[in-house]
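Each structure below appears as structure tokens.
One chain, chain A, appears in both complexes that follow, with chain B as partner in the first and chain C in the second.
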Partner chain A sequence: METGKPGSSGSSGSSGSSGKGVPAPMAEERLGASRAERLSALAQRHGALVTLILVALAASIGFDTFATGDNLANMAVSSAFLAVVALGMTFVVITGGIDLSVGSLFALGGVLAAWGSRYGTAVALLLPLAVCGVIGLVNGVLIARARLAPFIVTLAAMLLARGVLLSVTDEGSTTYLVDETSFFARLGQDTLLGIGVPVWITGALFVMGAVALRRSRFGQYVYAVGGNEDAAALMGAPVARTKIAVYTLSGLCAGLAGALNAAWLVSGVTILGAGLELEAISAVVIGGTLLTGGYGFISGSLVGVLLLKVIQNVINQIGSLDSAYQQVVSGAFLAVVVIAQTWLGRRRRML
Partner chain B sequence: MLSVTGLSKSFPGARALDGVDLAVRPAEVHALVGENGAGKSTLIKVLTGVYRPDEGEIVLEGRPVRFATPLEAQRAGISTIYQEVNLVPLMSVARNLFLGREPRGRLGLIDFRRMHQAADEALRALGLRVDVRRPLRSLGVGAQQMVALARAVAADARVVVMDEPTSSLEPREVRTLFEVIRTLKERGIAVIYVSHRLDELYEICDTVTVLRDGRRVHTGSLAELDRLRLVSLMLGREMGEVRGKGRAEFTGAHRTSGEPVLEAIDLTVRHSLRGVSLRLRPGEVVGLGGLLGSGRSETARAVAGALPADSGRVLVAGVPVRTGSTPAAIRAGISLLPEDRKAEGIVPGLSVRENIALAALPGLSRFGLVDDARIDRVVDTFVKRLRIKASSPHQRVGELSGGNQQKVLLARWLAMRPRVLLLDEPTRGIDVGAKAEVRGLIDELADEGLGVLLISSDMEELIGGSDRVVVLRDGAVVAELTGAEVTEERLLRAIAAQEGGGPDD
Partner chain C sequence: MTEPAAPRRVPWDRARTPAFLQGYGVYAGVAVLLLANVLLTPHFLSAENFRTQAVQVAPVLVVALGMALAIGAEGVDLSVGSVMALSTSLLSLYLGYGPWIALIAAVVGGAAVGLANGSLIAFVGVQPIVATLALMVAGRGLALVLLPQLRDVRDPGMAALGSQDLLGVPHPVLIAAVLALAVGFTVRRTTFGRQLLAIGDSRPAARLAGLPVRRVLIVVYICSGVLAAIAGVLATARLQASDPTSLGTLMELSAITAVVVGGTPLSGGRIRIGGTVAGAVLIQLLTATLIKHDLPPSWTQIAQAVVIVLAVHAARERGKR
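Our next item is the complex of A and B:
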């Protein structure tokens, strides 16, 4: 992440590169952003985090059972799978795209991992990654090279992956189990320092993702493609390759999340993953990433996932409330976030 | 340094480049000029790898090259600054500046410290001091253009292509740009400079290539080519040929009388118009002359409220009209026939009848309900009057010829009973017979007391059809030709005249 050091010291324009003829400075642009602009930017960036902290505080005061170790650990693990899916989705959304196939890929990844686990951990991990990665790659190629709409392409992939899943499991009637003593199952089940292994893996992936997005050239291309595709192409950015890469990445993330989930559940549950793509998109948007592309960050998506899960947990805690209300609250929350984002975005453009 | 031979490029229905040659030497600023459709943009896009040529060869520093993408062209040393700023507004200034060639440190990660410092230095060298961490969109357009310039020259460019770089710059930013161009020259870099502003060309360019209709018509030293000759080459009118040709041989001469029906006073629009004033009397056809980019269409659009004016007033028959509002202008009786009739005019899927009635609909309906009988009467009148050739009023406009489409548009505006008609290139892209008919119609309409403002790149049409010609250059009125002065020769001289002075030879 970029550090906001004030004033770039040591650049007193003393470089001899242009030798003579350095033109007199023209009208000095305002240095630094205005107060209002900074506030808007801050709200857009950290609004979700502030909300998360407030909701979590309120929940721990309101319910004795919220801030217990068990509950938190459970939430962390169940968030981890959605978080990995949202990680890949963040890249896609920043390029201005959308990936609807991740829910199906998540389920397919789980089933393939469970089936493959009898041939060892390597197969259990690599098979779903390979299959889901290839589907993501095909998505990317169709979107970037054949210039088809991401919505349609990934919708088709979603149906296709679901179909493959059903055929592999005899219409969903076969559930492959993972041997609980295998190393693969322990990947999902074990804890390290009291925290589940999937959470550690997720954390590591998010650090890598954040570094890739902010500090690598690929990350710059992702932002450029989403910010202004034509300009990015004219500036020499590999637009098509970048798009293909993000959809492949999204497929890989969904497959991996499915595999980890299967390890956690020690079985490949076929009915999982429906609607997961929408949850992932919600989390990404709540985290401050613009659905129109060009702006967003990895940490926000993590916050978005946690916020969704905390809301879900709180509603479960209120025994009298139907769990259906969880969707109502999540939906309302998403609407509020999108409205706030649009409003903040407009405000900043005007400043 | 860079040479192009026999370059051709066709698009469906048009040959954009036809065997064009171009040679640019190191440390040379080469002007590329031409009017609309001359092929400048296509040539630039071929050079920068956006388009691939059908035929021809590009040789860069002795090696034949072929670019499949803009990236390849940039790697080979051809950088480009586009007319519209082509950067990513949401990304920071430094990220824009270094996209694709960020300084990298350990593990291949971007070294932001070095990047910000280098970006700051690069921009300071161009006289721009900004916080390079801010998003690009928070900068003014001029500053953004300077960032684009910094990006273009920072790469190891051998050739820098500038496509109308000054169109959104303030005068002092233009000075900075020119100083940068001179620095580039000292470094032995070749510059291809595209602009419509003659003063700029003569100030900064060494050589000039004139394109017209996809062909190269002239290459040579700019200093040896006087302005009049340059303009003649661009417009395709040889001086010998135009001498003496005047409006006498056309219809012209309308009875113009009374108070002006339209008065535009000091219309100013940032970057396009500088205090343009016009008067139009009933029954008069006033032509707007000038090169591409001189502000002709902008003037018409500002008068019609389609382009918000920063200052200035528009009066119709002495009554002020709110500027920047098309409904207000239409209510006052100003109708604009736009330049691009496909994009801004006709609705091809609708019938002739519907297209004509579209704008007049509010006036033809009662209690919000459309009065069919009245529409039929209006449509019938105009179809006859303008001699629109359609199988029936219900034929789809998309199926008509260009000339008839134009007449349908004209009918739409006439149905509004305007007092002022602004015609932007009314005969472009229609066949010769239809052209004559449209010109005849313009005359008739003026005879009936309409004030007509005519914009045309066709000199013959402009001179032949207008009672007066107001000449624009760089968004300002530079001359007005009346009576016997309305000749092609005078017009060419007025366009070519130097800033502040009269014709220069």
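Our next item is the complex of A and C:
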């Protein structure tokens, strides 16, 4: 299994050389699995959730301001946007790819939504979806049909989207505002049963995403392409079409998240989204999805997003710490999770 | 490095055209841009203009040299921009002890990030993209923790580094040229260079051949970190200020573009230092051309994105071999 070492970089375009198969349903895995193997699978699957619960418990004991309704509601709404981006990213990462353009697409989606909101809610929602979807589609075509390395294509798309954003906003000097009484603004600001509308939308999207990934043919193709691209092609899975679909989906999610964020902020802020792609990738990886592809879950990404946001919140609560510590902690956390994943994966392969 | 005369004895066959284009297209691109500028841009042919362009390209080039090493070893280093920020923070913090100590602190910082990258990649077996991504986030954060906001750098040594010249060549350009020659020599003529290319070509084969794969990989990423730190020092010297929030953002993209446009394949096993230099110059000229014709920065970014995709697309043909 030398080729299965995760040392091969994703630069070769087809990163499907990893030795992991399509994940079998848990029940099947349990039958033949030894105790240690089961433990490492459990750690991979639920490690993030356990950490989240522990951190949240410690935070609510340590700070009286943490477990208050206001703080939790704020955290939920601010996680919602990142969660939507991470949802699209999860699909991409499971196919063994990576999408670095989501941060710029998020910002672009917000600006386009704010600009379009003067023509009504439909334009405000559809315009960012269309533009970001098209950029995602181009990413997918370049990656799947022209077989270029995902990270370089999406890096270029990040630059492209940032350029489009600047040209739409007079080189970043114009900030379009959303009319606060419009339906679009209420979509971002209203609450339903005490929970913000963006949170509801995010929840619905996650349920849909989980169903699509677990229960639909498309979801199985996504796993198959990530597990082993050549095998998936031999099996008759539409590899190129699946890849194009996941990058388009990621673009759509980023655009939608940007639009919702603009509705929440009632303006199209141009400087948003830098580093968002890293946060989204971190969340996906922390949630147990393997960057080598073929293994991962939607629920894990949600847990990853919440964990990142709780850590951020705790750092803000400490107050004496600079907000730059957030980045240090996120980066270190990402490194630790990746090391743990590699170690668990290697153990499982040896067993 | 001038363009070598291509061996024309071999009969010209069509299959060689893309390979030729990929290998030397970047020189042609630089030539076309120079020509177009000479004809179309007023005041382009002045010593002052060339000096400005050269000083601006120096940090990008130095970063691209390290990136070329990482890409040659079938990896990539996304943390270079953050290393530049970290280096400018460290430089500004330790400047009180004198410029040399500050310089050493900055370089040690870069080497430490490189060591972390290399260890994650070589010992833990993490993909280079992910490992350097983690250090990219953490490095920028660390830089901001050390130095939260912009600070002026007032030091005669740094001022001399940034604005004076030796025999008419500005110091940053001189340093970049020396580093390019050194890296070119290392890749072409030393055991380390050969080992690096062998590992980039096929890591399992290199391991079976008994090469010290881990050690070489770690040294590659340390080199990349050190070069990025030097680029951070050069950029700081030119700006006469330390700005960890914005210094080096998107630098990884410029560096990767320079390397790829220069004909180094992303699949590793080949490094073209001359092409990398030309690639960095090409991007600088492209940006300068667009700016001089009053096109907004948004256009520059879009143009750069298109150039990257085209270059990678052209490089792909060669990668199949």
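Throughout what follows, the second predicted complex is superposed on the first by the 319 of 351 C-alpha atoms of A that agree within 3 Å, B and C clash if a C-alpha of one lies under 4 Å from a C-alpha of the other, contacts with A are read in each partner's own complex, and residues count from 1 in each chain.
The criterion applied here is as follows: a contact is a pair of C-beta atoms (placed from the backbone, for glycine too) under 8 Å apart; a residue touches a chain by one contact, two chains touch by 3 or more.
In this text the structure is predicted, and so the values were computed from the model without any measurement.
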**Request:** Considering only touches as defined above, state whether A:69 meets chain B (first), chain C (second), both or neither.
**Result:** neither
**Asked** Of the partners chain B and chain C, which touch A:98 in the superposed model: first, second, both, neither?
**Response** second
**Message:** Just checking: does A:237 make contact with chain B only, chain C only, both, or neither of them? Give me first, second, both or neither.
**Reply:** first
**Request:** Applying the touch criterion given at the start, work out whether A:147 contacts chain B, chain C, both or neither, answering first, second, both or neither.
**Result:** second
**Request:** With the two complexes superposed on chain A, say which partner A:228 touches: chain B (first), chain C (second), both, or neither.
**Result:** first
**Message:** Going by the contact rule set out at the top, does A:220 touch chain B (first), chain C (second), both, or neither?
**Reply:** first
**Asked** Looking at the overlay, what does A:160 touch: chain B (first), chain C (second), both, or neither?
**Response** second
**Complete:** Note: overlapping chain A surface for chain B and chain C spans 2-3, 8, 10-11, 13
**Asked** Along chain A, where are the residues that touch chain B in the complex?
**Response** 2-4, 8, 10-11, 13, 15, 17-19, 21-29, 31-33, 37, 211, 215-217, 220-221, 223-224, 227-228, 230-238, 294-295, 349, 351
**Asked** For chain C, which residues are in contact with chain A within the complex?
**Response** 71, 74-76, 116, 120-121, 124-131, 133-145, 148, 203-204, 249-250, 253, 256, 260, 266-268, 296-302, 304-306, 308-309, 312-313, 316, 319
**Item:** Residue ranges of chain B in contact with chain A within the complex
**Value:** 48, 50, 69-71, 74-75, 80, 82, 86-91, 95-96, 99-100, 102, 104, 108-110, 112, 116-117, 120-121, 124-134, 137-140, 143, 151, 172-173, 175-176, 179-180, 182-183, 186
**Item:** chain C partner contacts - residues on chain A that touch it in the complex
**Value:** 2-3, 5-13, 98, 142, 146-149, 151-153, 155-160, 162-167, 171, 274-275, 278, 281-282, 285, 291-292, 322, 324-332, 334-335, 338-339, 342-343, 346
